[in-house]
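Think of it as A, B, C, D and E in the order they're written, each chain with its own count starting at 1.
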Amino acid sequence: MHDLVRPTESARLPSIGVRIERARLTYGGVRLFDGLDFELEGGRCTCLLGPSGVGKTTLLRLIAGLADPEPPTVLAAEDGKPLDGRVAYMAQQDLLLPWLGALDNVLLGPRLRGEAVGAALVDRARGLLDAVGLGDRLQARPAELSGGMRQRVALARTLMEDRPVVLMDEPFSALDAITRLRLQELAAGLLAGRTVLLVTHDPLEALRIGHRIHVMAGQPAEIGPAISPEGSPPRPADDPALLVRQAELLRRLSS
Amino acid sequence: MHDLVRPTESARLPSIGVRIERARLTYGGVRLFDGLDFELEGGRCTCLLGPSGVGKTTLLRLIAGLADPEPPTVLAAEDGKPLDGRVAYMAQQDLLLPWLGALDNVLLGPRLRGEAVGAALVDRARGLLDAVGLGDRLQARPAELSGGMRQRVALARTLMEDRPVVLMDEPFSALDAITRLRLQELAAGLLAGRTVLLVTHDPLEALRIGHRIHVMAGQPAEIGPAISPEGSPPRPADDPALLVRQAELLRRLSS
Amino acid sequence: QDKLTVLLDWFVNPDHAPLYVAREMGYFRDAGLEVEMIAPADPNDPPKLVAAGRADLAISYQPQLQMQAAEGLPLTRIGTLVATPLNTVVVLADGPVKSIADLKGRKVGYSVGGLEDALLGAMLENAGLKLSDVELVNVNFSLSPALLSGQVDAVVGAYRNFELNQLDIEGKAGRAFYPEEHGVPPYDELVIVANREKAADPRLPRFLDAVERGTLYLMNHPDESWKLFVKANPELDDELNRRAWRDTLPRFAHSPAALDARRYERFARFLKERELIGEVPRLADYAVELR
Amino acid sequence: MMRAVRPMVRPLVTAAVLIAAWQALVWATGVPRFILPDPARVAMALWERAGLIGYHALFTIGEILGGLALGVVLGAATALTLSYFRPARRWLMPVLVFSQAIPVFALAPLLVLWLGYGMASKVAMATLIIYFPVTSAFFDGLRRTEPGWLDLARTMGGSRWSTLVRIRLPAALPAFASGLRVATAVAPIGAVVGEWVGASAGLGYLMLHANGRMQVDLMFAALLTLAAIAVALYFAVDALLRRALPWQPDNNPDEERD
Amino acid sequence: MMRAVRPMVRPLVTAAVLIAAWQALVWATGVPRFILPDPARVAMALWERAGLIGYHALFTIGEILGGLALGVVLGAATALTLSYFRPARRWLMPVLVFSQAIPVFALAPLLVLWLGYGMASKVAMATLIIYFPVTSAFFDGLRRTEPGWLDLARTMGGSRWSTLVRIRLPAALPAFASGLRVATAVAPIGAVVGEWVGASAGLGYLMLHANGRMQVDLMFAALLTLAAIAVALYFAVDALLRRALPWQPDNNPDEERD
């Protein structure tokens, strides 16, 4: 693993849990959530699966502070302080800025915060792009990149953020199986010790890198009990125990 | 399967193979293809896998007539006639028109061709949307739909096209495992007898619905020999033979 | 009733009194004419449009007519409306300029009509100065405001019947220098022009007769005339126009159809001297006395 | 309640503030009343000459609407032509820009010669002024279509015409709306400039007339009326456009939640 | 070879075609030369009075550039203010529209009173004309930002200011460019109208003067010069804008491959 991509202070980041209680949210008259409770364990990776359109993205956005929940929704961090400024969010779309090259897209966060973008930050961004396999496309604009490449730039940008809470919405969906495995490992490594919520459609992916795995279903949506596979992530993809778990997950998903 | 969604004349569509020879294409000085040969067998479903950024989308666009190949590239249909007007193309992005509701997005093709959009066509579009699980969101604009829902609308739009050659770029990437299985079956059923090229990152998906499966790799990109699983698609997802094949595919992908 | 279109030189104002009185008194109708009067915004346009055949008659200025004739426009004067110059150089009475000679080194505002700088040049030379001794500024729409607000020290192109009253109403007395008293030959301010090719139009003498009747009524019954005028143009019913009306009365041509050939020729020579025209046009080509 | 009342109150408050500012300006700068009369004087003129102003306003409104309709139709047609024919783009665009630089007084005699002194020449002038913003903005919008949609239309076998109608046009509507907003705001001045060509009615005529005769109060009263028409028209069009383009993102920085 | 020559040839051909059309118009309509002189006459005037016209053109160019610079800066600033402060939007927008409807001749004495007869009043006039298209288009662009980017900026902890600079501004550049194109095309008329307000130099002044003297040839020669300046300026700005926004899709229907 590249040393550069891991910020020096990351080890010192405190891990914070996040709790959401009695969430309620309505879109166009339809109750998407009603009394939904959910918890992200501090320092752990929680994976969320569920049918398309059930509200996974909406839940992520709610935690990121981007959706407007209705009362009596409560969103709270374990340490009682507000979540603002402690969350990194990777959306389902890549949301790259078309006028910036890959490197500048990755450096967007520090620039937006008005941090001095010195050699250290640039090197880290370079390192991250290198780690996602785009070390030779630093200046490429989004329009010149393939779908998977764009997703990888967005992933690098999210990892650049170095926040205690990281929310990722299908971050590997546009990647081939091999790249996906590599990047799962990269992400799991870099995000170790952080509170991660990862939405995915791939049960195996969830089983590889999740500490806890939940299935969301129904309308209004409910979140099922956690599955906690043994061992610590990233688990090897060919672990036979995972295949057994996968069958269980698929069963839950199809019920 | 809904009867409505299958156009009456579909049985009569002749199946045409497509051949691409000595393809050459350069982007920004880099030879993406150089002397690439590839064939789509008529009436069969060919699946294409390969690392992100290798050129799968570009190849698809080339066949769709949307990329400008350089000489000595040859693109030809088996029957010698031009491909124009006989190809349906589903891009990697959903490309829904934001000002149209789901139903109108699905009806875009006939409208663009100036066909009279009568009750029959509307019913078929409705039926397709119903089949992809959006029967209750006919009027929803893209901005009101989740990522997976948008992809399903795009899929319905492609199926609506009823063309002998169908090119699909990661059509199920944003869908959960269960919906994906269902829609794979739907697509395999509706597209039976057509010449299909399907780009996917999911080896199992390729194994379930592909007659022939190719792996693309390298720079310039080369396309490996076909894997032809036994039985006819859609194959059951829990077929143990598939798992064996999957291991082989993964080996090819990672080489 | 024959229709006749008359393009005014500018917006309706007391200078056009004879026309309106003739219309309101029914003199045009008596002459078998139905006269439509149209106001343009740019005084340069009406003669062009008459020359182009778009209208029957235009109200214009003698100097302009002569310049246009020299440029070859097929126009001819058939009558006179205002028979003295109206143009003046105006300064504030309590200002530093007591004589034309005091203008040396000062700013003079003008509204581009084509003639103003020539007039001023002649007046300055008459006082021993040159045109280059003053700074000319085109102030277009706002002669009085420019003078009142001290933007310029003098304005040329101000009308003696208007701008002086305007200054007075604003509480400032103006001092006028009359061109004809400072080396500029006298001329007819407002003339009626027709297309030269159509000078024999039988409607024209009838029109002039009606204008003459209007002028005479106007002089005989100034107060009644004023009432007629503001009835036709209610927006003009104010102090300024009332005063302008009074000051314009003595300046109307008593005999609108009469032509003073020497006056025209004298002024044409002046224009040539000032290099406003290249050749002195033949009088008969641009001015007639209808029979 | 409060919310329902507000939309009615705001214009009144704006007007009040403007009038106060105007009065303050007059007091502070001591600008003479023949250059800028104070509000009271103008209000008086507005009141006393309401009939006259209203009569002239009717003409001007007619010209504005005529010019707007014609300008928008011609502008849209030109933008389409420009974007559909490369030769048009190459040869016509310079001509259009050229036409923008022609001052009224050069054109006026021509317009009158061809169109006469009636409504037509004024509508033509207003059209000319409105025409370019619409053309330019719409043309810009038409050529900024998302390439993916065009690819889609191509594979679907859409003709140029249907691609235009179904994809390029709706995609360019926000840009068109932008141009239309500018056009709406300049339409009144277009009509007034048109009256410059020669008129016997209309607010522009009235203003010029009043100006020429130093009836500055009346001029400003007419001007206020014209401006009020302009503002009303602008907001009507703006509201209409917003309603017509519901899918378009519309966010303002100060509405960002913090 | 051919391709290299073309960009030089096209304007000449356009000019030739225009001149031919003009000549044809003169012949066909028989419009008298004191209303629309024929090209040869104007060319002669252009040639004989080149020095005079050049002298006045310099002033006008200065005014155009000044007005353009000021108008764009002020317009951009206003658009930012409008989009950043809801009150500004609510109260200022009507005022802006209002201001658009004020005819020059009402404003002229005020401008001259405050700015004098020098360059300043003309630049102010040109600025005023350029201002609104820029403001309106840019403001429209600023509020049409892709909501996803704003969400991103929010979670990244971007301040309003940095979100503006890094996201909203670049995203609004295409719209801004649209407005700038319109502004560039109307800037020359702005300068000429400014000279109308009171001037002793400039092409507008020269035209008025020639018009008054019935030197219609000279007037049209000055007009041609003005229009040429306008066209040159427009295409320079257009080329600049295209170069500055390389990421923006730019496709024209007639370039669609069939």
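Keep in mind that, in the parts below, a contact is a pair of C-beta atoms (placed from the backbone, for glycine too) under 8 Å apart; a residue touches a chain by one contact, two chains touch by 3 or more.
What you see is a predicted model; the values in this text were computed from it and never measured.
J.: By label order, what chains touch chain C and chain D together?
T.: Where chain C and chain D share a partner, that partner set is E.
J.: Considering only C-beta pairs in contact, identify the chain pair with the most of them.
T.: Top-ranked chain pair by contacting C-beta pairs: D-E.
J.: Which integer distance in Å separates the CA centroid of chain A from that of chain E?
T.: The separation of the two C-alpha centroids amounts to 49 Å.
J.: Nearest whole angstrom, what separates the Cα centre of chain A from the Cα centre of chain C?
T.: 84
J.: Residues of chain E touching 2+ other chains?
T.: Chain E, residues with two or more chain partners: 31, 35, 105, 109, 113, 146, 154, 163, 208, 211, 257.
J.: Identify all positions of chain A at which a residue touches two or more other chains, and write them in rising order.
T.: 65, 93, in rising order.
J.: For chain C, write out the residues touching at least two other chains, lowest number first.
T.: 42, 48, 52, 141, 145, 149
J.: Under the stated contact criterion, what part of chain D meets chain B in this complex?
T.: Within the complex, chain D contacts chain B at residues 146, 148-149, 151-159, 162-163, 166-167, 170-171, 173, 245, 247.
J.: Please output the residues of chain D touching chain C within their complex, sorted ascending.
T.: 32, 34-35, 49, 52, 105, 108-109, 112-113, 116-117, 195-200, 205-206, 208-215, 218
J.: For chain A, which residues are in contact with chain B within the complex?
T.: Residue positions touching the partner: 27-28, 49-53, 57, 92-93, 133, 144-149, 151-152, 169-170, 173-180, 201-203, 250, 253-254.
J.: Report the residues of chain D in contact with chain E in the complex, numbered from low to high.
T.: 10-11, 14, 17-18, 29, 31, 35-36, 83-86, 89-91, 94-98, 100-103, 105-106, 109-110, 113-114, 132-133, 136-137, 140-147, 150, 154, 160, 163-164, 168, 174-175, 177-179, 181-182, 185-186, 188-189, 192-193, 204, 207-208, 211, 219-220, 223, 226-227, 229-231, 234-235, 248-257
J.: Spell out the part of chain B that touches chain D in their complex, as residue ranges.
T.: 61, 64-66, 84-85, 87-89, 91, 93, 95, 97-99, 108-109, 111-114, 141, 143, 161
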